[in-house]
Structures are given as C-alpha cells and as structure tokens.
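Below you will find the structure I want to go over with you.
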Amino acid sequence: MTDDRFVYRNFAWLAPEQSGYERSRVVVLPVPYDSTASGWVGSREGPAAIIEASGNMELYDIGIGCEPYLVGIHTLPEVAAHSGSPRAMAERIEEIVGELVDDGKLVVTLGGEHTVAVGAASAYAKRTPGPSTAAGAALRTGLSVLAFDANADMRDEYLDSAYNHACTLRRISEVAPIVQVGLRSAEREEHEYIREQGLRFYSPREFRRMGAEAIAEQLSDSVYITFDLDAFDSSVVSALGTPEPGGLHWDEVSDLLETVARRRRIVGFDVTELAPSLGPRANAQLAAKLVYRLIGLAVRE
Amino acid sequence: MTDDRFVYRNFAWLAPEQSGYERSRVVVLPVPYDSTASGWVGSREGPAAIIEASGNMELYDIGIGCEPYLVGIHTLPEVAAHSGSPRAMAERIEEIVGELVDDGKLVVTLGGEHTVAVGAASAYAKRTPGPSTAAGAALRTGLSVLAFDANADMRDEYLDSAYNHACTLRRISEVAPIVQVGLRSAEREEHEYIREQGLRFYSPREFRRMGAEAIAEQLSDSVYITFDLDAFDSSVVSALGTPEPGGLHWDEVSDLLETVARRRRIVGFDVTELAPSLGPRANAQLAAKLVYRLIGLAVRE
Amino acid sequence: MTDDRFVYRNFAWLAPEQSGYERSRVVVLPVPYDSTASGWVGSREGPAAIIEASGNMELYDIGIGCEPYLVGIHTLPEVAAHSGSPRAMAERIEEIVGELVDDGKLVVTLGGEHTVAVGAASAYAKRTPGPSTAAGAALRTGLSVLAFDANADMRDEYLDSAYNHACTLRRISEVAPIVQVGLRSAEREEHEYIREQGLRFYSPREFRRMGAEAIAEQLSDSVYITFDLDAFDSSVVSALGTPEPGGLHWDEVSDLLETVARRRRIVGFDVTELAPSLGPRANAQLAAKLVYRLIGLAVRE
Amino acid sequence: MTDDRFVYRNFAWLAPEQSGYERSRVVVLPVPYDSTASGWVGSREGPAAIIEASGNMELYDIGIGCEPYLVGIHTLPEVAAHSGSPRAMAERIEEIVGELVDDGKLVVTLGGEHTVAVGAASAYAKRTPGPSTAAGAALRTGLSVLAFDANADMRDEYLDSAYNHACTLRRISEVAPIVQVGLRSAEREEHEYIREQGLRFYSPREFRRMGAEAIAEQLSDSVYITFDLDAFDSSVVSALGTPEPGGLHWDEVSDLLETVARRRRIVGFDVTELAPSLGPRANAQLAAKLVYRLIGLAVRE
Amino acid sequence: MTDDRFVYRNFAWLAPEQSGYERSRVVVLPVPYDSTASGWVGSREGPAAIIEASGNMELYDIGIGCEPYLVGIHTLPEVAAHSGSPRAMAERIEEIVGELVDDGKLVVTLGGEHTVAVGAASAYAKRTPGPSTAAGAALRTGLSVLAFDANADMRDEYLDSAYNHACTLRRISEVAPIVQVGLRSAEREEHEYIREQGLRFYSPREFRRMGAEAIAEQLSDSVYITFDLDAFDSSVVSALGTPEPGGLHWDEVSDLLETVARRRRIVGFDVTELAPSLGPRANAQLAAKLVYRLIGLAVRE
Amino acid sequence: MTDDRFVYRNFAWLAPEQSGYERSRVVVLPVPYDSTASGWVGSREGPAAIIEASGNMELYDIGIGCEPYLVGIHTLPEVAAHSGSPRAMAERIEEIVGELVDDGKLVVTLGGEHTVAVGAASAYAKRTPGPSTAAGAALRTGLSVLAFDANADMRDEYLDSAYNHACTLRRISEVAPIVQVGLRSAEREEHEYIREQGLRFYSPREFRRMGAEAIAEQLSDSVYITFDLDAFDSSVVSALGTPEPGGLHWDEVSDLLETVARRRRIVGFDVTELAPSLGPRANAQLAAKLVYRLIGLAVRE
C-alpha cells in the first residue's frame, strides 16, 4: 500500500519508489549495539533516533546543492545484538556488510558504539584490491580509512576484550591505514605509541593548522570514513558516552568532507556513538544531516 | 533480505513471515496526529513509542494463554497529518480504515490524540449491518462502542472545532451507541447532558459496583473499543495530555476486556493519547501490552 | 483587556470576572521556597507547575458535584524568598497569610517545601478564638490541624535550623493540636516521642483500620489542613524530595477529605512539596485537582 | 496588593509600577500555538518558558548599556488557540496585534510556532504608510521585514494548509518585502524560486561575507523583525522542532541587531519556535535575553 | 578525617564508625553491569542511584521497628565490568561474593542487570551445607532461592549467550531450588517447561490466593533472595528495562518478606534491574528502602 | 580490599594507592550546597556529578602532556549543609579548607553554588603572607583571585542575605584583590561600582582584546582561581542556574589557564554552579576535565 496519505519511517522517510532495495544505490544498516560501553550507555538507541530525525530534513541538501535520495536509499532492518561476545558481533557485521558490498551497494552503517565500525571497515578493506599507498601496501589493501574521533581508541585490549570500543581504531589499523582527526583524549601509552609509530592522528588544532587538503592527500583513492560523533566539540554533540570539549565544529567537518569527496572517492562510511537520551534531540538531527550529506558527497557525480 | 541476523521494527517486532500484509489478519495503523491537543502535547509520538516498546514483549501472552501474532500482524506506515483542519484528518482516517476493513482486516488504530477514533469508529459503524440493540436502531448500525476514557468528551464544539479531542465521544455517539467506562472529568453541561439523556457513562466506582458482566450486557454483538489511555489511573499511565487520578487499574481493565471478548465480538479498536515524553517509558510498554492483549482477545478462537 | 480571545495563567486559568481580588472568597498564595531541602531539591517550582496544570482541569468537579470557582479564586503573585534564614521566611509567610485572613479570605498556600506551612498554620491558629478541644486548650486556639505527611517532621532542629522542613510539624504542634495521617518514616527519637506523648500520628495502615470518621472526630470545628504530598504512595506522586512507598491512594484521601468537610469546617490549607522536575507532569495535575477539590469542600454550602 | 514581599511572573518579572498596561510602551503578547508543527512539537510552551526564564535576567542590559524596562513592559494573557484552522488563528493574531498597535504599543509576539508571525507582520504592514523601498512599492507598505530563519519557509502550501509553519515567509512576503538571514535548509523548488525571484535570503556564510551594514541597507526605515530561533546554530539553541547545525552565533546576531537598530527603526518583532522541553533551560534564558535586548534596541533613544 | 561536618556517600550514608569493613556484619557490593540487556538499557547506573537515594532514608525503619545500621554496613567499591563475556563476569562476581561470605559477611549485591544474581546465588549455594529440602537434595545444597521477577528468565540461551539476563533463573535453578513470585511474562516454551517440570513459579494472582505463609513453607531454612525489581507493578517501579503491569505492590512484598524472615533465615540477597534514567527518582528511593528493610529482616534478632 | 576487580568512585576513579589522604598532594572537597540559589536550583548535585563523570576521563591529560593523578588526589566526603544561615555555611567551609591548607594540601572545592568560594578563598587569603601587589596591600594578603564568572556578583546584599550567591565576589573582594573574566550580566549599580572603583572585571570581548598575558600580569604570584561555570558560553555549559550566551569557549579558557600557570602559581581553586539536571551530562564531563586540567597546571613542575 503506497500512497501519499502515508509517511515512511526509513532513513529520510522516503516513499517506496525511492527506497526499495533493488533500485537503491545506498543501503543504510542500523546496528543498535552498545554492550562494551564503559562510560554512559545508550548508543543502541542511536540508529532509531537518527532515522526518526531524518524525517525532519529537506531532501534537497542546500549545502552541496543536490538531492542525494534520487539514487535510492534503502533502510535495512536492525542487526540483532550478539550478547555472547563483542568479537562475534564484529564478525556478524562484517558478514552482512560484505554481502551488501558484493551486491553493489554503498553501505552506511549506523551505530551503536564505535566497535560496529570494525566489521564494516574490514569488509571494505578485504574488497578493495591493490594497495595504492605505502601504508596500504603492508596491509595489502587499497583502502584508506579517515577516522573522526576524540579518542585514540588504540588500546590493544580493554576491560578484558580486544573488541571493546576503546580498541576500535587499533583493530581497524590492522586491516587498513588510518588518518584520524579530532584527537584530544588518550592514555599515555596510546599517545606514545602514536608518536613512536608516526601515526597520522591529529588534534583539532593540528588539523586547523594543516587544512583539509593536507588531510585528503594522505588518503588513498578509496576512502572509508568512520565517524565517532565525539569528534565534534561537546557543545555541538553532547548525546554521547564520552563527550569531549575542544573538538570540531560543524562547518570545519563539513568542509573537510567536501574536500575529501572532491579529491578521493568515499566508498562507504559509518556514523556512530549517538546516545540520544544523553543530550537534546538536535543531536540526532545533526547526525541525520551528516549521514545525508555524506551520502550526497559519496554519490554525487 | 530476511534472516535471523535482523530484527524488525514493526508492531511486536515480527519477522516478514509473520507480518506481511497479505497473510495478516490484523493491521496496525499508526496515526501520529495531535493538532487539537489543548493540554500538554506530544501524542503524535505515541505510535512510534508503542511500536518501539512492543519489541520488549514476549510473543506469548501468558495472561490469556495464546500467541496472538500467529494470525499475522502487519504494521502500516504512518498516516500523514492533515494540518488544514481536524475534520479533513478524520475523513482521511475513515477512508483508510474503511479500505482495510473492506479488505478483510481487523484494524488497530494507534493514536495520536483521541480524535483519531472518530474516523475509525465511523468506518466500522457504516460497515456493520443491522441494528442489534435499541440504541443502535436509531443510528442504523449493528455496532456498539465501548469507550475507555476519563473525560466525557461530549462537547459539541471546543476551541472553535467540532473535531477537537474534547468532542470525540460526541462525534462517535452520532454513528453508534456508546458505553463509557472511567468517567471522572466533565464540564457541568456535559454531565447534565449525560444524565438527561440517560447515557451509559460510568465512573470507576460505578463500574466497580456494576461489574464487568453488566457492562458487556449493554453492548451489541459487534463491539468497537476506543481506548483513551487516560481511563487508567494516573499512577498506571502518566504519559498523557490530561492524566487523571482516581482511575482504572490494569487488572480490572484486563478483566473487563476478557469478559467482553468472551461475551461479544471485538471487531476493531484503537488505543490513543500516549504522549511518551510526558511519563516513563513503562507507559509505552503497558500500551503495547494492552494492544497485544486486545489483538489476542479479538482473534482468539 | 479582557475577552475570550485570551486565557489566563492564574489558578484554574480563570477569567478576570472570576478571579479579581475583591470579589474572590479564595486566595491562592504561591510560595516558591525550598532552601532547607535536605534530599532532592526543586519544590520551589511547585507553585508554578500546579498553576500551569490547573488549566487542564474542568471547572466543574464531578467528584463532589460543584463548581468551586464560582466563589471567586484570586491568585496572588509569588512570595519572594528570604535567603537569610528560614525563620525569617516563616515570619514573612505568617504576616501575609494573616493580612489575607483578616481581609476575609480563605487562604490556599502552595509550597514550596513543607516549612511554608508553619507560617500559614500559625496565622490561622492565632486568629481562631476559643479552644474547642482539650488539646487546643493548652495552646489557646480553637484550631486543629490535619496533617498529611509521610514523615514525622517532629525534629526539634535539623541541619542547624529549627525551621528546617524536618521540623515542620514540631513547629506547628506548638501553635495548634495536630492529627497526622500517612506516617511511615521517622527517626527512632521521633517515634518514641510520638508514642510517649500519645500524639495522634497514624500510618496508612492504622488509618485504614480506623476509618475516616474516627479521624474527623479528633478534630475541632475549625480545621486547617497541611498537605505534604509525600503522604501519597510514591506510585501516586513521585515528584517529591522524599517519596515513600506504602502510602495513601487518591480515593482514600479524597474520601477522608469529604468526611472531614462534612463533619468540620476547613478554614484554610496548604499543599506542599511538589518538585515537578522529579516526576511526571501528571503529579502537578493531581496536585491541582487536590487543591481544587479542597477549595470545593471548604466553600461548598 | 503590591509590595516587595512578592515577585511577579510577567515578562522580566516587573512590579506593577513598571508593567501596568496604560503606562507601558511595550506589550508582550504570548501565543502558545503549535498545531501545524510537522517535526517535533512543543513550541506552545515557549511563551511560558521565556517568561519564566526572564526572571533570571538583570534588568540592566550591560551589553547595550540601558534599562529597557523603564519604558514599561506589559505582559498580556495568552492568546487562546483556534483549533479549527491555522488561517483563523492567523486572523485572530492579526486582529489583536492591530488593536495594540492602534493603541500606540510596540508589540512583542512570543511564539509558539513561526506561523504566529504572519498575523503580527500583517498587522504592522497594513499600518505602515507609504512604500519607502522599491520592494515595498509593489506591496504598498513602508514596512520591511528582517527574518531570522534556518528554513526558507517559502512553500505555498504544506500538509494541506497555506498557513502551515513551512509557508510562513511566503505569506509574509505577500504583505511586505523580506530580507532573510540564516538560510541553510530548503527544498529544491524553494531554492530555485528564491534564486529566480532574486530574493534576499542569505546563508550564515553569505551573511558573514556581506556584513551587518549590507543587511541593514536593504531594509526600509520601519523594520519588523521576525525571529525563528532556528536561525541560531543548533549548539546555541537546540530546543526547537527543526534544529539545524551550521547556523548563527550569539555575538553575530547581537551585532546585526545593533546595527539595524542604529540605522533603522524597529517597530515590532516576534521571537518564535522555542520548544522548551526539547533542550536545556538555557535556551529559554537566551530567548528571554534576546527579547529584552530587542526591546532595548527598539526603545532606546 | 571523620567528623560531623561531613556526610558519607556509602549505603545509608553512614559515618565511618558504622561502616568500616572490619566491624560490619553486612557488606554491600555494587555491580554496575548491564551488557546483556535486550530491552532498554541503563541498569549499570542502578547501584550508584540506590546508594545516592539511601541518604534520604531514616536510619530507623519504622515499618519493622529497628535500626538495621547498628550491625554495621560496609559499602565496597564497584565491581569492574568484564566486557569480554557475560560468563566471565558471572565468575568474577561468584569469586568476590565467595570471599566475602567466607569472611563472615552477609552480602547484599546491587545490580546492574539480573544476571549479577547468578554469581552471587552460586557462591551461597556452594557454601550452604546439607540439602534440607527434596528439591535441594538433587542439587546438593541446603540453600533455597526466593526469586521476585516478572519474567520466567528460564531460557537456556538468549541472543547467543547462556548468561544473558533472560537465562538468569535457569542458571540459578542449576545450583539451588527456586520459588518465584511475580510471574507474568514468559515465552510459550518457558511456560510449558515450568508446568511440565512442576516449578514453583507464581503469578501475582496465584500468590495472592496462596498467601505469604504458603510461600515461606516451600523454602528451606537458608534462603537467598534474588529480587528483580520488575516483580513490582510498573506503577510502583517503572525505571526498568522491561517494566510490566499487573505486578506486585509494596505492602504485599513487604508482608511476604516479613513472613519469610520470621519463618526462615535470609542469608544473602540481591536487588537488581533498576535503570534510574528510565523512571522517576522515587524508584531509587524505593529500592534503597527495600534493601534496607531486607538488611533489617536478615539481621534482626 | 583493594584489587583490580574493583573501580573506585572518587575523583578520577583512582585506586587507593593513588588516592589515600596521607600520600596525596591534592584534596578534593565536595560541597553540595545551593540554598541561596535565586534562579533554577540543583547545583547541590554538582559535586557528585563531576565525580561520577571523572571516571570517563583518561588519566593522562593529552592537552598539557602530563598525568596529574601521580601526585595523589584524595576525595573527601561531602560537607554537610548548614540550613540555618548562609554565613554559617561559609564559616564551615573556611574552617575545613583552612585545616587542609595547614596540612599541606592543595584544596579543590567543588560547588554547589558559587558562595562556597567565599570560605575557600578566605582560608587561602589569610594564609598567604605578605602583599605582593598594590591591591593586595590594602587587604594585607599576598593572594590574588582570578574569577571566572558571567555575573558581577558584587551586590552587597541580596534576598536579605550578605552571603547570597549574588554577593560572592563582593565578599571575596574584601579579603583579596580580584581579576574577573567573563562579565556579561550585572545590575546598573554593580556596573557603575565596577567602573567607579576601577575594578578589573572583563567581558569576553574585552578579554579577547587584551589576551591571556595581560590578565596574568595583573595577578600576584599566588593565585586562587574561583570558577563559576557560567563564565562559559551557554552553548558550552548549559547545566546552570543562570546560563548566559555570549561567553567564553573551551579553548580560550584552557589557554588562559595555561598562561596563568606558566606565569604564576595556582595555590588552590574551586569549580562551582554545575546543576547537572539542567543540561546534558556532557557538562559534568567538561567540568571534570576542567578540574583535572587545573590540578595538572597547579602541580606540574
């Protein structure tokens, strides 16, 4: 039953003509998982909140002058949580994302906690042939990962698990080279490791000094973006388990994304860590708009 | 894509096999409308909250010993609001419910404010042949309506509209005879009208004196139930625009519904006025369980 | 400018004709004071919340079959807080209530914390001639006080002040004899004092055994009611600094008030301790309805 | 009864000497209306929240060095909602504002949703003689309107009504020429219409490039300001139905208003769309301060 | 530094003299763990909320006429979460509780989700010699478990884990015989299993028919109580992941506990599943009072 | 009992080795007092919220490159409120802080309302020998005070008390010279007093023009910092009784503190006015990080 007496609670609240699986270039995968959260909890409600808020957006993105929904955006049902172990959950996500990529879709993973990125990024890394950067060569992938994050997330293990959210970027760094923006929280060991290894992790101030172009140049052609919303200043997004002051603002993130999209190809991305009950609804609205813009930048000709 | 790695955000979070439109006996119609609210607002978020909470229920209803979902429960997309006039909105709902009834479905309307009941009850009244009670004769319908409500809702017009929520039962009474339970708020004129007309509106205390059987006996064979959640005591449900103390408790409502189901046939129903942000989430959980029980009572052989 | 294109944010949202000071028999005095709160704070917002919620009530009280607003209900501006000392605040309230009583008004004091009752009850006690009970004789007043409260409130001093909320009934007991209903929290010394002095403080269970008539009989002709909302069970009212389970329910409170009103004369009252941000808005609605019913019972011929 | 033992819940919590209707130059008109809201709802509670928060302000505005209350600020009771149709509500507001302007008052309309601006701006447009700009000539008014808004609000009809909030600036543009600041959300058709018609709608970035003086120059002598709070960045004000990132900040809004006030005459204004329950109370505080500053700028000699 | 200018945020806010580990008979063990939650999440904040609320209680429990704190109540730091697997977390809790029991303490475990009970009950079961009931004989323990719960919690595995909260009573039933009160939610398979095995699981209605004495008689001498707060009616406690209507009320729970304490010996207990952000603070207050009463009943001579 | 199966709810959630009183250089003193609050209330919950949030921080402060906890941070129990008079409360705080300073500790006072600073600053002023600035000479102290505040707080008396929060800086100015940053709210009399006396109170704009070095130069060698969080822009911290737009941002505060620490010696400080229930939890997180950074700056070699 499809008629204009109804509205549809998928991402962007699209009518069936614009959101059927077959005809859609983009697939949104909601993953309401937060079992390893160590701070405040609730990011399991992030995907539903983003989808709800996405109905408040205009379908025309005036900021980049296009209508991303025209390529079709299908919203999948939510991935079931695996309460047995975080590793098993990561494997489930990798499996699903892999199937979707193999089916020709651009996958948008909505967290949930940042760990959901491990499976998604891995699925992309394994499917991106030929190393195109020195960093990628060692890892045998042509993919590079642009990570937005306040935290280093480079612990090898935390609270007895290697798949805790505090280990997310460490795990991803094992499958593809990372450029991180937004860093302003780390333990001493992580910080030393980052410096010793010469990792490209940049604080907001360092990023401002470098500029967006310099970030884009460090990325290979195929870019996967993993976006922990705590990269934003806590005045911009506060509905988070570990909000941090001193972070990025909307306009500078938006400009960086535009630059990357102009210079490289965004092949997939995730937006994670929104815990809607910890802040105003405006945060879900911002996340929805970020997702929509990223879709626009990825699919724009 | 249907597999057990996913969960589905329809009513009762059912897999596609149990919730496809064709194979379903029951259809849930969410109507997120609250434009005439005169007290606190927010019942437009009721349907989404009930559907979200319905994932927390067991699919087996231990209270009545059956699994209502086995008959199939399809959840429709949300009805679009008509912001031009409340009357036009009522007509839209009547049209949709009518189509669904004509298609052989048992329709469960989720409000939104209580006014959404006007269209739904009207669609049923017009499709229920032959008056089976004296009261029904005058109205030329075989349907009778069991209304749960704290308020009389018998104003002829309120805030310049005949389709304001405060007029809901007045409008319904024009298409089918009503038995109301839960009354404890009315203006003097309404109360006098009820007494002069000998209407069967009962306060919780009157209901307790009469008992469930006496209520059931006043109903015709085909019963439509319209349930404004403020019939409950405000300690039981507080997430409402006009919560009232001195109301009904869960067990007595549950018993009355079982009695009615045993003695009559429930042909359709609505559950309305949940404004989730005004009270604890437990209220949405209760509403979901009430809806599921009503489905069970209506479809149980 | 008075016309029906407007609504008025006074108690019961009355038009000027029904709420002018001169023509009103009843005066509502909001006292947003909570400086001595020792638990959770916020009862300073109680008066505004009750007044806001009072616009959701019908002006006809169907429970007692009358329209209390017809005698006129004037709402005063809020009493300014005295942040220097709780004693000075009590004196300010006593002064104002005294002026209003001398002006022939029935005063309804809205807390704020329960301490606001000390000044109000004192003003009434000093203006009620001739002891009419043995208990009153010692105190030289014809007034008796019916206190609803979960706590003994009989400490002589608390947190270095004799006017702390935990001393409220001790202070009132120095000006008029008290009958208390709802007791279920006290320190050992208070409990022993109550038993040794043979004070008429009753737990909900004791009250249920005795019945409403037995309570009424212990009161003199002129009754002042001081109502700490924590007398209610915490499922009925939770928006409180010290909510307690095991308390009174709406119907039994309502019945007791009716009995007292039928047997004695309610000369004034207060309703206190609503801290609206600590529970659902339904609690403010209940408090408004309680206030309105008490007005009805006090002014009903 | 007027004495300093009391505080008064009108705008700025002024004593009667400073807030009587007769002696006041300024009149605050609260309009708690939000029936056409399509996103999150609750702006009906905006006026009460702004008035409550206004008691937290100093009466001296240190930012512009004056005490606006000295000209007298009277707060009217709230306008009753018309639940029949949005058009009828707009007419009611226009009627009331017109009467007040005719009585020599500067009217401050507090929404409620942005639609309340249609009636208010119309009342001013019809009472401002002689076109003083080319744009005004076509519309036969000397008034120009400075609109702060994130959205174009230029739809001709939305959700079946021409008076939906999404049509606000379209309706206003039919009675007076508009300069809009803050634009960052529009549907494609609106955006094309704006460009084709050469309308002066500016995004925050365009505004920053132009500067405040360039905005002021586009306005006629008599300026009506309509302020949808979503013009602010969603980190600044989040308690909104449709909060948007990438918006204006406090200091730049404040500077623009000062420039306009210095160069033109602010004859009336509205502040709308605050939905207090959707964000922190700080947002109501900011709105109150914005209103007070606008009063100061309008009445300052 | 110990003096009366300070208050102490341990359970019951006791001064060091009353809460040192050595001199205390009772030890409170907070376990902020909720990683397997399948509904709404947040019980990890339960222990801190209960401890905060416990400062609002009187130290004299007027309901049972004693001062439980006199035996000493020590509050331990919080148990660290194991994010690797739920089984490992259960083992950690069993180890800690075992050490405390071996040290002669009565252990009060505060959840967190109900799974925390598995480790605690197991530690007690293994340390309770000699089967004293037929049911216990098979399990080789003298302990019996009185479980308060709305849900059967008898799944053998859920969401891929045998230590999911939905399996709690199944796991406990493997170490000690259970009597459950409050049942009103189960899947069909669980319900059939309960009936086939003749398990003593009682709905609130069955419990009311039987009475407290009949429950007590089914327990062995040494009773461990595991209390999932959802046993309460959702009007009594709503701050829960899976609140259920139709449950127990305060007075009947309180009476049952008194009966059990009079007839048997309470050797340890847990109180779990409070998710404070999902309901009013009054729920934490009730939980604190429940814990304190249970301590009183367990240590009372 | 100290082992790594536990976490500890003191400031920074430190293990006993790092937080014992004897070995700690820093002592955190929580003062949950807010009895004189005139706006929105709730800062009494600030200390507990900051301590809770401090568990979310990394112990390495990447911004200043050190691990402040290594010097030991002991968290005291909370100071009991004195409900008799604000003056008595100030004296209690001064007494306790004095004892701690005499014991060689660096004291971090956590409010509570800003008045708690009066006692703390006084204790430091009296213990800082020899005036080292002209301003200090008159007051016979070597201490200078750097105050962050949105409000002048220079009233001599407010709401009948000289120890109201609106008088905080006036009282402190009587014991030590003040440099204030963040001013944007004052009554006219205060503003005139500041100008006439030539006090060094700077608005955010004035501060930006001057720069951090110019502020540092106005301070004597020994600096006490009193930090009312409303100095921050209300988008940065909104959980406040009197949030104000137009304030300071995180980076500029952070830079100013670093400059002061490099040029002077921070001998003690307080952070006050966080009212956690009035804004998102991110605000408590920011406050915890601010406290931790200030500790780092004060103890860094």
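Assorted remarks:
As written, the chains take the letters A, B, C, D, E and F, and residue 1 is the first residue of each chain.
Rule of thumb we're sticking to: a residue touches a chain if its C-beta (ideal position, glycine included) is under 8 Å from a C-beta of that chain, and two chains touch if they have at least 3 such contacts.
Bear in mind the structure is a predicted one, so any value in this text is a computation, not a measurement.
Common neighbours of subunit C and subunit F under the contact definition above: D, E.
In this assembly, the chain whose C-alpha centre lies farthest from subunit C is A.
Between A-E and the choices B-C, A-F or C-F, the pair with more than half the same contact pairs by residue number is C-F.
Centres computed as Cα averages put subunit B at a distance of 56 Å from subunit F. In this assembly, the C-alpha centroid of subunit A lies 41 Å from the C-alpha centroid of subunit B. Between subunit C and subunit E, the centres computed from C-alpha atoms are 38 Å apart. Shared contact sites, meaning residues of subunit B that touch two or more other chains, fall at 38, 80, 233, 235, 280. Checking each pair of chains for touch leaves A-B, A-D, A-E, A-F, B-C, B-D, B-E, C-D, C-E, C-F, D-F, E-F. For subunit E in complex with subunit F, the residues that touch the partner chain are 1, 4-9, 21, 48, 52, 76-80, 92, 95-96. Only residues 38-40, 151, 183-188, 191, 203, 205, 233-235, 238-246, 278-280 of subunit A touch subunit F when the two sit together in their complex.
Contacts from subunit D toward subunit B in the complex involve residues 34-36, 38, 41-42, 44, 80-86, 88, 158-161, 164, 277.
Residue ranges on subunit D touching subunit F, taken from their complex, read 55-60, 62-63, 67, 233, 235-236, 250-251, 254, 280-283, 285-286, 289.
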